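Pasting the structures here.
Heads up, the next two complexes both have chain A, just with different partners, chain B and then chain C.
Let's turn to the complex of A and B:
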């Protein structure tokens, strides 16, 4: 009996050892490139090109970060990205919050059609709309401006935001609004005073989704912005990486500076983002 | 100072957007106030445009802004019956709430789409674009652009059919490995093990990183001399000569195997999403099924085949659909890897070729037609797919 138990325990131990080993090897594959960027970014200038695989280079310093901030427009790029992203997210969420409320609480002609229209806009490949948007922006004379890029971004995540918010509003009991109505506020007042404060979690997720989409966008920015003062950080990093031989350290430093906050926000919000992603598709 | 100016510029824009929305809402409000009056319908249909036109002609203003104004008044004739017949007074609030979002979608999603269809029947390229910008003149060429899509190369050599084949292959390989990798990882993580949350956090890093950073960094790591992949291959070959004998060693990834490089990078990027979705599905399966199977003496593979896979299918199908569409439309990875000057076109799929045809080769109308063709392919595939999905649902 004792022998059997020991054998069983050994087998179990072996099984868990194997599982851990397998997972750890996958973890290494996932994390190693990120660590490698970190390691390149703190390499001293004369060792930038080595075939050394050590993650902590000898004589590590932060010279690349200093150079990045001093010699390039990196801070300016970050600022441009921030301005563009916050504005588009603000516009996107405010448009979505009211539209989602209409879809969630009212019965009206064309409701189903509107929802289907929203879903079907998701079928248009994003790459397809870049060309007409580019031509429209050019025709309006908004090339190389913040406004051009904000216009191009502003509705791209709207259908998704509406879906998320509608799903969340649906979970708020109607009796809350009815109570507010009895207390003498209008329907809009009930929306503003009761529903909006209650749905801060969903609003912030929609905001985050809008934010990350615009923050990480590259392809539209590439064709609309062309002077390096107006670049967003994605364009700036691409440029640094393009001059591969000379700027690798600065590219790595910039990547780290951008990645860390994004990673933090993503890991913090991933739970909700994922449930939101599957929400729309399951209900559709 | 410049920063202040940029803030000012953007605030000004936000102000214009809000003012525009307020104007439009006011316009609708006015409609809701009057649409059921007896005089409103004929007045809106005939009176307003005529009055507007008459006023403009009287003042001798037939320049561009006035034409837009007339156009707006004319569309009034369409909007009025819409309100009269579709909008009932009770749901006016709903329409007021919906209006901003749908106006935005109409202007920035539907209109560009329609404009692209129009563009595909005309001839806009680098030589005619200034003329179009100044005068708005677009020569009509019928179906020529569509014929060109199938007969000439979107880029410099590769043909449409080669691109189509490559796209299907790219989509299949990527989605296959995303699902296989994600499924394996999710099964591994779904055991009762220590550090589960910690592992999960680390494993989603490729997905959580900004894609531009991830792809550019990986592109650097595929560099023939300094990328870690070749360094490792070189060390392996040096340490184990028999592997070198089998042909293992540093590879010119970017110049000789661009498509393989892109595929490897994209697989690396895409596995975490599938893992997270499948893990969610696995955790929602009640353990009583497995207990029952244990009593029946089922093996691990049998449990996998008859319990796990059927039960996570409802979670998987939307994720796989989404993943397929994302992979099919993935310009980012391929463009960031091969898009620099002197980049290759041997890795291009349909959408990245579309982007390059439009913005590297500046063939606007051609790429509009190309885009419509791609859209048609995607549309028919998804309709077919949804039909089969519904049929499968009814069978159950």
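Let's turn to the complex of A and C:
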């Protein structure tokens, strides 16, 4: 019996070890490139490659950061990106939350077809949409404007957000809205006072998706924006890449700095990503 | 408080007829229980009254006001849902005061009404808790409290106890009965549990296939079911049904089938000759079946039966008896003390016997 127990413990320990080894190796794969970029950003001179494998190079300094902030429009690009991304995310989530509510709760002609159509737009590669987007934005007279890029970003994330939110709304019992209707709200009031507060996990996911997509986007921005002052950070950083010389130090420094807002948004929204908000509302 | 009137109310879902011209009147301060099997349309009727379901045809009046196209919140009703439907992101207090806050009632009034309802339902210590921190019974009490606070004209209960365990259901049943005595409100209560219907109702409305089968006091519905459905649905254990043909022998009427020749006294069916040859179903409640010594003492005409199974329930005992191929259930005082397979004498309490026409399923005795 004791032998069996010892064998069982050994097996359990081995399993534990294997799982942790796998997880640690994945973490290393994810974190190592980031550390290399950090290393490049604090390496003296604009050297991307080095024979030195140390993550903390000799004579490390923050000169690249200072130069990036002083000699380029980096802060302006960052501000542009923030403005576009945050506005896009709010517009995207607002439109998706109401559209998804309609898809979840109401019966109307073309509901099923509409949902499938939304999903099918996600299967079209982003590159294919560049030309029609360019034509539309040009005809609207919104080239090189924030509004042009905000419209392009907001609508491209809508289908995914609608599907995520519709799926979540479907899990919220209808009786909650019915109780609110009897209590005195309108249909919109029931949505606003009962459904929305209960949907914060799904709203956070939709917001994060909108945020990261818009934050990292390059292709559409390249087509719509053409003056350096209007650039988002993705376009701005590529300004540092010349035909003969690339300022790798500043490039890496910029890459490090742009992770901060995303990190902050992720950390902040994690508290909303809690599940089980509807616990206790109905039977069980 | 108010009365409620359904006039030829019809509901169709696509081509399916759910309610077929329901006519009913619920008087002021009355406790009416709508009872029926799943899918009979009872919840749909309640939801139509609440304004949560559109009315295909007919009219619904609350307090003499036509409410067909009125928003639920304007109907002055309060509803307790089967699954409680508490707002999970609000405390008990916020749940209970939600409707009043929407109406922008003065804060002092809100506090007073919530405190009053919490006192009635023993929720005072739970006011700051979230619904997920409550037990099933407490959640149900909060749902009722939310309704009380609004002081509506009509209370609607949609199977409010069906999610509770048997013991809690019994407790809450008593609570609701006490609450009715205290509020003296108009209550419409939907359930499929006929025990709830019998114990709570002032009047019972029995429904099946979207049609009201019978409306009456619990004792009327139990003692004088108007048709086979009501007879079979109300009462636990279920009524025994014996099928056969009425036959006149001399000046006496008998129910005859392959196994049974049962005397039908004239006070049950007069004008004996008229019924000769009629196909009928005779209904006898298990409590009205006399077995063994009781049968021998009280009946002149007895049937020969064989005890198949006996179930001891505590102070009562269910006896499953075969009379020929017909099975009869008798509920007698414990302990019967006969082993399965033994022969027993069986007879029925004629006073509580029911005779239904087989073709129309309607009651034919008085």
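The rule is simple: the second predicted complex is superposed on the first by the 217 of 284 C-alpha atoms of A that agree within 3 Å, B and C clash if a C-alpha of one lies under 4 Å from a C-alpha of the other, contacts with A are read in each partner's own complex, and residues count from 1 in each chain.
Here is the rule we go by: a residue touches a chain if its C-beta (ideal position, glycine included) is under 8 Å from a C-beta of that chain, and two chains touch if they have at least 3 such contacts.
Given the structure is predicted, the values throughout are model-derived calculations rather than measurements.
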| item | value |
| --- | --- |
| Contacts of A:194 with chain B and chain C, given as first, second, both or neither | second |
| Touch count on chain A, higher of chain B and chain C | B |
| First, second, both or neither for A:110, with chain B first and chain C second | first |
| Contacts of A:205 with chain B and chain C, given as first, second, both or neither | neither |
| Partner chain(s) touched by A:214 [first = chain B, second = chain C, both, neither] | neither |
| Which superposed partner A:165 touches (first chain B, second chain C, both, neither) | neither |
| Which of chain B and chain C A:257 touches, first, second, both or neither | neither |
| Contacts of A:128 with chain B and chain C, given as first, second, both or neither | first |
| Touching both chain B and chain C, residues of chain A | 277-278, 281-282 |
| Chain A residues within the chain B interface of the complex | 16, 19-20, 22-24, 26-27, 29-34, 36-37, 49-51, 53, 79-80, 83-84, 87, 90-91, 95-96, 98-99, 101-103, 105-110, 114, 117-118, 121, 123-136, 138-139, 145-147, 150-152, 154-155, 158-159, 162, 187-188, 215-216, 218-219, 222-223, 234, 237-238, 241-242, 244, 248, 251-252, 255, 258-259, 262-263, 266-267, 270, 274, 277-278, 281-282 |
| Contact set on chain A toward chain C in their complex | 173, 175-176, 178-186, 189, 194, 197-198, 276-284 |
| Footprint of chain A on chain B - complex, ascending | 3, 6-7, 9-10, 13-14, 17, 86-88, 91, 93-95, 97-98, 100-102, 104-105, 108-113, 115-116, 119, 124, 133, 185, 188-189, 191, 193, 199, 201-214, 216-221, 223, 225-226, 228, 231-232, 234-235, 268, 272, 276-277, 280, 314-315, 318-319, 321-322, 325, 328-329, 331-332, 335-336, 340, 351-352, 354-355, 358-359, 364, 367-368, 371, 374-375, 378-379, 382 |
| Chain A-facing residues of chain C, complex | 50-52, 71-73, 77-79, 81-89, 98-99, 102-103, 130-134, 136, 139, 146, 150, 163 |
